[in-house]
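What follows is subunit A paired twice: with subunit B in the first complex and subunit C in the second.
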Partner chain A sequence: MSDGRFFISESDLRALAADLLGAGTEVIAPVAVDACASPAAMASSACMRPGMEPEDLEYRALTDASQLDLGRGLPILSLKGYFLPEHEALCRWKQKGTTIEIEAVPTEFAPRVVLAAKPCDSAALAVVDEVMNWDYQDELWNGRRAATTIINLACPVIDESCFCTAVGAAPDATTGADGLLMPVKDGYVLEATTEKGRALVEAHKARLVGSVPAETLGRQAADERSAASARVAGNLEIDAGSVRDWIDTHFEDPLLASLAIRCNGCGACSSVCPTCHCFDIVDEEEGVGRGTRRRCWDTCQSPTFTLHASGHNPRDDQNARYRQRINHKFAIYPLRFGEVLCTGCGRCTRVCHAGQDLVEILQAIDIAARRPDEAEAAAAPEPAPAAPEPVTS
Partner chain B sequence: MNIYQPQLATVTEVIDETSDTRTLRLEFQDEAVRESFTFKAGQFGEYSVFGAGESTFCIASPPTRAGFIECSFKAVGKVTAALREVNVGDIVGFRGPYGNSFPVDDWKGKDIVFVAGGIGLAPVRCVIWNVLDRRDEFGDVTIVYGARSVEDLVYKRELEEWASRDDVRIVTTVDPGGETKDWTGEVGYVTPVVEKTAPAAANAVAVLCGPPIVVKLTLPVLDKLGFADEAIFTTLENRMKCGLGKCGRCNIGPVYVCKDGPVFTAAQLKELPAEF
Partner chain C sequence: MTETATDVKEMREIARALLAEGDVRVIIGWEAARRGARPVFVTDPAEADRLIFDARCVHNLVTYLNPRRDHVAELGKIGLIVKGCDVKAVAGLLREAQLTRDDVVLIGVRCGGVLEENEMPAAVTLTRDNVAPRCYGCDNREPTLFDHLVGEPQPEPPRPAQTIDERIAALEDRPLEERWAFWTEQFSKCVRCYACRQVCPLCVCERCVADKTRPQWIEPSPHARGNLSWNVTRALHLAGRCVGCGECERFCPVGIPLSLMNRELQQIVAERYGYTVGDDPEQAAPIGDYRLDDEQEFIK
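And then the complex of A and B:
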């Protein structure tokens, strides 16, 4: 095929993964894992019921190509942790008498490949690239980005919490990735979209078929693509530009200030978010006079995030903290970097045990932004009932 | 060396400013860094004690004094408590300088009014010395400084030095009840003392730093005295971690304090949400 697209069967895709593993390349891909494996999960009723073996999907480094899960479900966590680990060393120190030695950490990483990534997860990496490079270059982030080739697998759309098309992403996009796998009859069409992607294709030509009629493949793929896009667009349609401008100019608006009514500030949304990148820097002692300075994920939903040593806290209630989350994602970041800090994966909504629903929230803001009259009518308070007469005895 | 890796610096002097506030003088271990390190008045850094972590302070010494930097801090948290324990000869970490600076060069020929409360004198002191080291380039210099009590006044030796100069007008004040028998300065909060001192606003700029309440109450007084919002400069002290515009902590509305600040004019402050 001259248009850079190839056919690959499922067995050849697994063989390609096996070839990579055989050559010593790390391959990260969705893997079905025992959902009850963690100590916390042991308390879940599903895990205690005999005969139930609930599974979760996670991005894992494959130890065998057969683990590669091509069922197109959504991994619990995004790819974020492979680029901004939950915690990572920034440097190490060792004290010898009165002197201190600093040991640098490597900023170059071994090449690795991600297979069957979710388009919303690769897109998130491209969004976060901006903040990691707008002035100072974050070599740890950049080193991992440079070392990684990402091949997306087109997404069939998971459920009603998905809204990638509302924030400029798409179920078949390759933003932040190097290529795309598109399911067709008996296999996939593989298309490389960057130099890194083309290098991967070139190195594994033996597993690819270039002689399948391009037209047939193209039509099958196009049908699924438009169906998925239509499905996700049905979940949420907003004008991201109006939403951005409205949030930017309505800091004190009751709508923004009341969004957190159900939120109890656990920060799970930040953990599962592919674009949330805020971090803390802490020292970890590892014996007398030596230790590691680490950065670790943090969340603006925690009251200590902005707490001054004096006790003063600029964002001292959950409404202010939730507003910051919405403001940062849909106004501050787009105004600064031109990109929404959200790719519509919907994980925050699914994980929230209090029921905060980002689809609903963005819909409400979009209505306020686009149709101010309607929003005012909807927000108008019911006539207050007459106050009951005080009971005297 | 990645951007989060600190330089090592040796503590060469420890000065107790008050019972809980201390100044450290630091010299970089690496000779090349020691010789090439420059910064501008108002910039800050991340100071660290290995094992305790990093903390954000302004560089309190002026850029016109090369070869060392100084920081002043009150021991209130984990890192500052650890910094309180270091002695001359000990080694600490430093990353910086970060952030923007006071546009001192734009102030040539102008009168300068410094207003500070408590430990807020630290960033202002950097600018004061910067201006005094280049005294001929500026007009009248007025300093109004207040603290809770005489004991809480920081940089006492320098307050005396400034008071002894005939090219500086300095007014020091302590909160009512904070005065001692032999106190000869003012008694009262900083804000009314600024009003009473009434520095001329024509062709002048004001540099204001202190606890949030002092900044909040003093801004209207400066306005009343005729200072335009664009001629009032302050420095925000938000909680920070990276100092590099990455970690998201110092975000106020559209502003990353570590990158767009820490120095802001009153005009810029009024555009920001009240989250500082």
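And then the complex of A and C:
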């Protein structure tokens, strides 16, 4: 009998996605998209740059089960946008004289399924749940969370910027998700971990094989899980508690106060971050006397984020703004909610073409916190490993 | 590699001397880090050996001269390492009175082209498949705006598999509705992080039009209207000013091919006003220049 784990072949997994789509359920999953997608066929030659990958991976609503990409790469943007969209209407208004009519937006959503989510992306949702239910219950966030069943796909660990295990996540974690797909020979081991996950399994039993031989597939799955965790742990090992306490007590420390010298303050890190959740609320007029109130992603890396109406700006340079990013993620949030506001996906590091490197920064803070005698050596970034030595010939 | 290494050695010597003699407080150049080359700020002459220069040094460091960057300005007088393309942006800042010539010491490096993708442990030989397309046809391999110039004259960068101009021509060949569909799709990806603006060495406005709320010129939401308005407005504000360094496109987290727009506007400015952006700050740009024979048939 089943121990809650099932085997599913790749074709049955696609068939399961097709069944869901057939029943009218929205299915969100990684999809390889043409980086230059356009209805015009010529566009790809105009937009493609030499050496560029023709395809990016993005979470998209499937229109066909064949689009489901099980290649285990990392989508450019996290799952965040499906719960906190880049922009969304909060209400619409109409004004005539002094009469204002407010039209509310729906806060209930149709059930939907996310397949093959990255464990770092689902974990981020669970972390952000805390602030979304802190004093105000965010109906839009909660409505989408309640309507969504998320099945993760265990991650092979993408590259040297991954560090999920250093912040309490793991490449095979199901935090924030309802189940896990673990790749094995010819298919996947599917494990449901919540009621929602079990309901999905129950509804699609016909596609599943109810036993996973422990000695073969079971062992293969377990082996890959531990190998992936070991790989990511090799990238960064810190003590998140020490990091939190050190940041909390070293606000003016030169290490924290001068992290951002090369930072352009562009905020791309916040856009791609699965846990950055700050938003701005704007009123956009859509004609005389009517408009929409929207919330849009915002970033603490922008000077206008904290600019007061008086003209005063408490975070008036980029060093202060960058410190805020680190402080919020690794001290303020864990002190208030017990969890680090980061799941180690590494997107911020990969997206930063100015070379701000969170792995290196956390390493430096960890050393300052736990091995202060080494901190001085670590304060200077690593010696240039690939610097060409001057040849004197 | 001998030649490159000699360049680097010379560059380090100059940097060391400038710092040691107090001529500058910081040298901004490139270093080799965990994920490849990146900007470095050297304040101690003993650390001048961190500086590198090779085909991975794609960044336009002139962005750090931007008067908005308080945390860099605080460091004191800057010595800046610049490629031929980068120094055109310095000329732009001088031309627009954002900088005075004495504010900065320019260490020019003769450059034979850079890589499109620079995040790698060591530089590789440039080929048609890895060269930054903007390097093709570089007209400033022998810069004229500098205080020090290092290195030997470099060979022309290889021709990329497809040049930016060829990509523009391919687009222009298509009917209007297809071009519209193309740009609509591209702008739909925009998340309005404003990375393009933040990294641009010439986006120097004290307060960007996108940040103004009274009136709200540009809708802040990343929907189709807001995104079109933002991207087109920015491109127009850079017409005749953009130096084609491509940093906006490189920093765009969602891969919008901004170079195509910027280059197209460069072509239009060249055609209409006979102006090509160079590194001579005395050469007036069309936006800041009035001539009796300026084209004006569009004024009706």
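Methods note: the second predicted complex is superposed on the first by the 350 of 393 C-alpha atoms of A that agree within 3 Å, B and C clash if a C-alpha of one lies under 4 Å from a C-alpha of the other, contacts with A are read in each partner's own complex, and residues count from 1 in each chain.
One rule holds in what follows: contacts are C-beta pairs under 8 Å (C-beta built on N, C-alpha and C of every residue); 3 or more make two chains touch, one makes a residue touch a chain.
Computed from a predicted structure; not experimentally measured.
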* Tell me which partner A:L68 touches in the superposition: subunit B (first), subunit C (second), both or neither. => neither
* Check the residue A:D135 against both partner chains and state whether it touches subunit B (first), subunit C (second), both, or neither. => first
* subunit A: partner with more touched residues, subunit B or subunit C -> C
* In the overlay, answer first, second, both or neither for which of subunit B and subunit C A:I332 touches. => first
* Touching A:V282 in the superposition: subunit B (first), subunit C (second), both, neither? -> both
* **Which superposed partner A:A309 touches (first subunit B, second subunit C, both, neither)** => first
* So, A:V127: does it touch subunit B (first), subunit C (second), both, or neither? -> neither
* Asked: So which bits of subunit A does subunit B touch that subunit C touches too?
  -> 280, 282, 285
* Asked: Can you list the subunit B residues touching subunit A in their complex?
  -> 1-6, 8, 48, 50-54, 76-77, 80, 89-91, 93, 211-212, 237-239, 241-242, 244-249, 251-254, 256, 259, 273, 275-276
* Structure fact -> The answer for subunit A against subunit B in the complex is residues 90-91, 93, 95, 98-100, 102, 104-105, 107, 131-132, 134-140, 248, 251, 277-283, 285, 291, 293, 295, 298, 300, 305-310, 312, 314-315, 320, 324, 327-328, 331-332, 335-336
* Structure fact -> Within their complex, subunit A touches subunit C through residues 35-40, 42-43, 45-52, 56, 76-77, 86-87, 160-161, 260-262, 264-268, 270-272, 280, 282, 284-285, 294, 296-297, 299, 302, 304, 316-319, 349, 351, 353-355, 357, 359-360, 380-393
* To do: In the complex, go through subunit C and note every residue touching subunit A.
  => 1-2, 4-6, 8-9, 12, 31-41, 47, 49-50, 52, 54, 59, 63, 69-72, 74, 116-117, 121-122, 128-131, 133, 160-162, 167-168, 170-171, 173-174, 178-179, 181-182, 185-186, 191-195, 197-199, 211, 216, 219-223, 226, 247, 250-255, 257, 260
